[in-house]
C-alpha cells in the first residue's frame, strides 16, 4: 500500500497520471491531502479538493481519498502503508522531493518514497500555474482530469 | 511584435539588456507590468515602476510601456502580439519559465515565447535581491539602468 | 535570417518542431550541420543526415539545409544571418547552451542566439538516445519526423 | 518483478543500497549488466563485474544477476518484468534518467521505470569516480559493498 | 576572520558541520543571525535562536555568535571580516547563493564569499523541513546538534 | 596552503580570477596540472600548459605551478596542503565538483575543498569551448589571461 500525499490544489492531469501509472505497483493507493503544511492558505477549500479527487479516482477501486493533519509518516503508519508515492517533473522538483523523502526516512526508516517521472506531455502542469490562470479568469479545463472539467466551463 | 511581461519591481540592468538585444528581432516591444500575479504586494508602487520603465526605454521608439491585469496571453491578443519575450539567467529560471511558457502556449497556441539568455555580467542581477538591499538601506544604483540611477543616490 | 546549427545525427521530431515554431519569427532559416565539432565521429554519415533534413524541411520554402566547417559565427556571417536559433529541452541543456551562446557573442557581438523551449511532449527526445536505440536494433521511427520514418521500418 | 539495469563498473555501496531498499517493492529483482551501451569500453571486464554483483547480492534470494545485449525493454520482456528500477542521486542524474525512462516507455508503453532517491550518505558515490581513483592507484574499498572489499586491499 | 550569516531557524547538524570544517581556514568565525531579511517572521524567536547557537558553538573559542540588522556586507565591515562563509547543499542552493555572493561582491568588492559543500550525510538537512516537522508535532532532535537535542525531547 | 588542481587546457581568464581572489585566503597556492585523469588526451601539450600557467602567475610570488600524476589527495599530502581550491561556475559544475570533493574527503578526511563562485562576467568561460574555437581556427585571446594572449594572435 502507498500513500500519495499532496495539497492537490487542484488535482491536475499530472496527478491523475501518476496514480494511474502506479496502480500496477501497489495493491492500494491512498491519495491524501495533507493539511496546514507550512500554514499557507489553500486556494480551493479542503472539501472542494476532496470532492474533485473523489470524482477523478472514482473509477479505480484500488484508490481511496483521505485527508490528514500532522506528519505524513504518522499518517502512513495509521494507514499501514510502507510506501509514499511521488511524481517528479523536473530537476527543480528533484531537490525539494529529495529533502522531503530523506527527512521522512529519518522520521520513520521503514517508510520508503517511490518516484515516477512525469510523462513528457504532463511535466509542465503545475497546480500553482493552474491557480494563477484561474485567479486571472482564464480557462483551466485543459490542465485538469476529464472527470472534473465540467466544474470549470470555458469562458 | 512582442510583449515583455514582468513585475519590474524594480527594472534592472538585466531587463534593459534583454529589451535592447531583442530590438533587431521585433518591430515593436511592449514592456508590460502584469498586476496582481499571485496576489503578492509589490515593493515599489505600480506608478513608480511604470515611471522607471518609461525613463529607461525613452530612447527606444520601438518600445512602449504598459500595464495589464488578467492573463498575459489575453493581453498579447489585445496588443496584437504573437510573441512573448523573456530572459533566462540560470537553470533555476529555466524550470519556472518553461512551465509558464508551456501554459501560455496551451492557453493560446498561436502565442510563442522567445528567450534570450542573460549576458555574462548580468545573469546574477535579480529584482528580489535589489529589493532586499534597498530594504536594508543599501545602495542599489549599480544594479539599475543608468537612466534611473539618480533616483537612488549613494549613501 | 537565422541559422539553426546542430549535428542532426539524426534529425528528430524535436528539431522539426523548433524550426516550424520559429518560422513566424524569421524570414528565412538555414538548418546547418556543423562538421567535426569536437572531432567526434558522427553515427549517420553527413550525406545521409543532409538528405534526411532535406526531406523533413522540403515543405517549407523558407527553410534551406546546408553544412559547414569552422566556426558557427563565421558561417552566420557568410549567410548574412544575425541570429542563431536553438531549442532548450531541459535545465541540463541550459548550462551548455548558455556557454556556447555567450562564446559566440564574444566571437561576434552582432550575432544573437534566440531560444525556444521544447514542447512538453518532445522535451525528452534526444538524438543520442535515438542513436543508442538504433545501435541496439530498436525501432526509432516514433522519435523521427513523419517524412523520414519510412527509412526506419519497424522490426 | 523489476530489472535494475546498469554497467556496474564497478558495483558500489550506492547500487547495493538501491536494491536492498527496493526489495519490499518487488517480488524479484534482476540486476542486469547492459553491454556495449554507447560502445564505450568498460574498465572492469564483464566477467569480473558479474562476479562482483553475484558476491554482493548472494545473501538476497530475491535477487538474480544477469547480463544482456540489445534494448533494455527487450530484456525486460524476456524476463517478464514490467518495471525498471533506477536510483537517482542528483538533479544532474534526473535529466539523463528522465530521457531514458521516457524513451523506454515509448519503446514499450507497458514498462514503467520506478525511482528511489539515493540515501544521504551515498549520493556522492559514482562508479566513474571510483574508476578514476583505482586507475590512479588509490584505495576504493570505502566506496564498495562489504562483500567485495577484500578484492581491493588497502595500499 | 569570516562571518557565517544565516537565519539559523533553527541551527542544524548541517550548520554545525560547516563551521567545524571551516575552523582550519579562519582564525575566527562569527556566526551571525541576520534579522528581518525579506521581512518574513522567524519560527523560533531571535533570543532562542541565539541561545541555541551559543550552546552549539560553546566548545569552540574561535567562534562567536552575534546578530545584526541591515546589510551583511556592512556587518562584515563592522566586524573587520573580509570573508563570508556559506555552505552549499545542492544545485538548487547554488543558484541562490551565487546571486547573493555576487551582489555582496558588488556592494563591497573587498568581501569574498567562501563555500564549503555539505558532507554527504548532511546535504538533505534543511531548517525549513525541520520547522515543518516541529510544527506538525514531530521529533526534530535527529536533525540538530547534540548540544541542543535536550531542548526537543522525543515524543 | 592550497592546491588548485586542473587540466588547464588552456588556462583561462576564469582560472586566473579564481587564484587571484583566493590569494587573501591562503599563504601559498600551488596551481597543479593533474595528468592522465580519465586517460583523455590533452589538447595543448603538458609543457605548453605549464609554460602558460607560469607566465600567467609570474606576478604572484605566493603562487607556484606544478604537475602531478596519481591522486590529487596524495599530491596535497606531498605538498603539505590541507586545502583544495576550486571554482564553481554553474549548477552543472556543482554536481560534478561535489562528487569529487566528497570522494577526496573520503580518501583523506583531513583535506577540505574550498570553493569560490566565478565572477559574473567569467562564469561562461570554459576551456572546452576555448579548445573548440581554436580547433576551428577561431580567435581565443579574449578568453585568456592578458599575459598569454600574445601566443594566440588575431586572425
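Lettered A, B, C, D, E and F in written order, each chain numbered from 1.
The working rule: contacts are C-beta pairs under 8 Å (C-beta built on N, C-alpha and C of every residue); 3 or more make two chains touch, one makes a residue touch a chain.
Note that the structure is a prediction, hence the values are computed from the model and not measured.
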Subject >> Smallest count of steps, each to a touching chain, taking chain A to chain F >> reply: 2
Subject >> chain D and chain B - chains in contact with each >> reply: A, C, E, F
Subject >> Which listed pair, B-F, D-F or C-F, duplicates the contacts of D-E in over half of its pairs >> reply: B-F
Original post:
Per the centroid of Cα atoms for each chain, what is the distance between chain C and chain E, given in Å?
Top reply: 46
Original post:
Once you find the CA centre of chain A and the CA centre of chain C, what distance in Å lies between them?
Top reply: 37
**OP:** Take the average of all CA coordinates in chain A, do the same for chain D, and state the distance between these two points in whole angstrom.
**Re:** 30
Subject >> Approximate Å spacing (C-alpha centroids) for the pair chain B, chain E >> reply: 33
Subject >> Shared-contact residues (touching 2 or more other chains) in chain E >> reply: 90-92, 95, 98, 102, 120, 124
Original post:
Using the touch rule from the top of the page, what pairs of chains touch, sorted by label?
Top reply: A-B, A-C, A-D, A-E, B-C, B-E, B-F, C-D, C-F, D-E, D-F, E-F
Subject >> Residues of chain C defined as touching chain A within the complex >> reply: 90-92, 120-124
Subject >> Complex contacts: residues of chain E adjacent to chain B >> reply: 36-39, 69-71, 73-74, 91-92, 95-96, 98-100, 102-103, 106-107
**OP:** Provide the residue numbers of chain E that touch chain F in the complex, in ascending order.
**Re:** 21, 24-25, 82-83, 88, 90-92, 94-95, 97-98, 101-102, 105, 112-117, 119-120
Subject >> Residues of chain D touching chain F in the complex >> reply: 90-92, 124, 126, 129, 132-133, 135-139, 142-143
